[in-house]
Amino acid sequence: MKTTEITIFKRPELKNPIFIEGLPGVGYIGRNVAGYLIDTLKAEKFAELHSFHFPPVAMLDSEKNGKMSALKNEFYFYRAKNRDEQDMIILIGDAQSMDPIGHYEISREVINFIKEFRPKIVMTLGGFATGKLDNKKQTVFGAAVKDKIIKIFEKKGIKFKDTNIGQIIGASGLIVLEAEKNNIDSVCLMGETSGMLLSDPKATESVLEFITKYLNLKIDMSKIEEKVKETGDVIKKIESLQKKLTTQSTPESSSDDEHLGYIG
Amino acid sequence: MKTTEITIFKRPELKNPIFIEGLPGVGYIGRNVAGYLIDTLKAEKFAELHSFHFPPVAMLDSEKNGKMSALKNEFYFYRAKNRDEQDMIILIGDAQSMDPIGHYEISREVINFIKEFRPKIVMTLGGFATGKLDNKKQTVFGAAVKDKIIKIFEKKGIKFKDTNIGQIIGASGLIVLEAEKNNIDSVCLMGETSGMLLSDPKATESVLEFITKYLNLKIDMSKIEEKVKETGDVIKKIESLQKKLTTQSTPESSSDDEHLGYIG
Amino acid sequence: MKTTEITIFKRPELKNPIFIEGLPGVGYIGRNVAGYLIDTLKAEKFAELHSFHFPPVAMLDSEKNGKMSALKNEFYFYRAKNRDEQDMIILIGDAQSMDPIGHYEISREVINFIKEFRPKIVMTLGGFATGKLDNKKQTVFGAAVKDKIIKIFEKKGIKFKDTNIGQIIGASGLIVLEAEKNNIDSVCLMGETSGMLLSDPKATESVLEFITKYLNLKIDMSKIEEKVKETGDVIKKIESLQKKLTTQSTPESSSDDEHLGYIG
Amino acid sequence: MKTTEITIFKRPELKNPIFIEGLPGVGYIGRNVAGYLIDTLKAEKFAELHSFHFPPVAMLDSEKNGKMSALKNEFYFYRAKNRDEQDMIILIGDAQSMDPIGHYEISREVINFIKEFRPKIVMTLGGFATGKLDNKKQTVFGAAVKDKIIKIFEKKGIKFKDTNIGQIIGASGLIVLEAEKNNIDSVCLMGETSGMLLSDPKATESVLEFITKYLNLKIDMSKIEEKVKETGDVIKKIESLQKKLTTQSTPESSSDDEHLGYIG
């Protein structure tokens, strides 16, 4: 039985697309950036990844109409509108693996899938929590395997040195490593955040600003705060779920408010 | 080595049966409803599911005669007695998976098996604990993937909106998702319960009442309290076992009373 | 990669042997009985089971000569010396699986292996801890799948009813269930123990007495206390190891005395 | 999907090489000895092992240039410079398996790979923490499967008896057992350390001294303290990572200083 599967709805023709990963992580910066790009660019979904390594739950949209959906990672594509822009594939999702082995497995499946599109570069997005509240403009940190890539992104303002970052846990790091194993250029970009906000609009903006400039995208940035707040609700739900699932393993379920109820 | 296996004793001919799942969960509502249906309808067992993902134990019927049995999920069928009724497959069991991956694996095996019977609809049963003791008639909550299904069941009195339910953990949710992936209509029904009762006769009755009406079944409901109490004993045993197994992993065994003894 | 393997040194010709399992468990009663039988009957080793599900350690015989050995389960055989006796296969070992799935996998491999010898009956041995210190002769409790087997062993003095035993965790239970799935008669016998002794000579004697009588063996029982004490040292080492491994997972090692040292 | 893979860059011709394993463990003695040998002998890397059982992280060299790399175990070879020396394969690495099953899997893959080089002997290196600070010269302890090997190394000053070592957890023990299963002579050597130092130069020196004498290597030992201190920084990072990963499983990342930040 295959424990991680990608279902393809459509095979878009893309010219060396930029691949952007925005799965959940600290500050949900990657996820928020990916979400904003998908919304404003009206990117089109073409594939879905499901994994037995995700939390074993069905999500409910109970504030709206009781619709149930599976945890998934979703692949969107965007086709360049003019010669300044570039084709893109954006990966967004509700969940990462619950166990160490699943992180490796999912990262491998993602790269195995997107490498057939011959991506120009793989960019994974995350956050780096400094533990300090700060009001000035937030730095975007970087990490990469190749010196060539470090040089290119350093020139564009990304901070690679003296960052005090020791490791990157989960998809953002492993997808870069897996990409490089397949000779695909790649970089991880991390927005500086205090780590005290569930979802950080300022950090999201810093990363988004870099990405749009790098990709020559013309994007209305005025709705970031609003969008980030919106995503915050979905995120809170998943956040509290993850905590619960890592401390217990008996089958039961939960409402949005941790103390309000359980389903089975 | 296959870690989840279904053993088939008999292949009944059924006409687009209704599939009902009642595995253990909060309030044991699904399990009790399924048990009551099997008993009163005299449904016949035709298959068993065993999994390495169940707790690694043999159950003892030590109050009676020391008989030992494996943890299992059991498939029963019921053939419509008249034109108002419908053929049914009922899944009942002692256990769910102990680990996240097993929940996905077992749900997939269940749907892979029952889909050859071309079920008309998959109905999974569970409980939703509100945390409040309440004496009035209890609501039955619903969740489904398709708007069409939500509309049908809303008209019949199931509550889908404003339920404050965030997620469904385990088989009840994943079986619905797996069914829909195979284009089988499906719905999850959850009885409202305080969550303070190991086994809740009132909530069981609410769900059972809905099911029998939906299925045009004529069933004597007078023995629910008695039956629910009966099941309570088996349940207590499994409940205390699950708790123990998730907090320790060395091989030992236990009596019904958590403090009375251990076997090895 | 096969995670549980049996290496066969020799294929003895045996006539419907009695299979006796004595792996580690509460009170180490099964292991001590199996060890005593192997020693006094001078049973011969013919196969070994190794599993990735055992604790990931090498055992050291450091009091003696620093010899290192793998954790293993060992199969011994004994050929009947006269017409009163019966051929036997005895399984003894240092360890059981560390995780739930491994218990199922190992039990299946054991039965798959021994079923080719067409065993007359499978007898698994364990202990049942009552929590009470008691000086009178200790009861031997039983559990079995078939009524026929329960009747036979009840007549011989084994207690099946009103034992207050709820479940049997690990190999002793799962091997019986796996045997019965293969239509091999089987029974689990459990010596009553306080549960406060690491290794209980009295309970060991009760079970051994029953076994020797059942098998018409003439065995010198005078050395039980001594033997049980001897095994106690090996057991203490494994016991403290199991505890350590279930609470931590970083690679390190330990001396016999938990506080004396670590290796890496 | 293969969960442990060895990538080979080059197939050196070697004459019955000595195989030395120096993966991370208590006191990081094995890793430091292996590192010192590789540096001073200018051994050449020819293969890399990657495993899904390693912690799911990308390591950052953030003090330097933000370079990212995968956790890996690396195979180096050294060709004898004169008739006194011997060909060698040295295994060094950043990580061991996070889970029990992975320890077995990785040890098997290592031996499967190096056995084609027909190694003369497999030597695994580790530390044994006594819990006592001591200023005198530190003992090197040994463990082996064959009496023949114990005798040979006892004559050379390794202590096998009365060591109070009960078990060896992880690669150092399992690689020896796996080697012997393949009829390859092998021994585990452990430097005595207090266990209170993250990295112990004195214990490293004791083991290194033994190894160089055993292998007739002429090596400048004056830089051990310096080198051990250097490795200490890398080690601290991995150490704090391992602790974090075994207590939580949600995806996030960390800086060198545990309290300074998180990435996602």
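Couple of notes before you dig in:
Order as written gives the chain letters A, B, C and D; numbering starts at 1 within each chain.
Keep in mind that, in the parts below, contacts are C-beta pairs under 8 Å (C-beta built on N, C-alpha and C of every residue); 3 or more make two chains touch, one makes a residue touch a chain.
Everything numeric here is computed off the predicted structure, so don't read it as measured data.
In summary, no chain was found to touch both subunit A and subunit D. Judged by shared residue numbers over all numbers used at their interface, subunit A and subunit B contact each other through mostly different positions, with under half in common. Note: Cα superposition of subunit B onto subunit C, rotation of 90 degrees, nearest 5. Mean C-alpha position of subunit A lies 36 Å from that of subunit B. Subunit D has its Cα centroid 51 Å from the Cα centroid of subunit B. Chain contacts: subunit B has residues 98-99 touching two or more partner chains. Against subunit B, in their complex, subunit A makes its touches with residues 1, 3, 52-60, 62-70, 98-99, 237, 240-241, 245, 248-257, 259-264.
Note for the complex: subunit D touches subunit C at residues 23-30, 96-101, 103-105, 108, 126-131, 141-145, 147, 150, 159-174, 176-177, 188, 190, 195, 242-243, 246.
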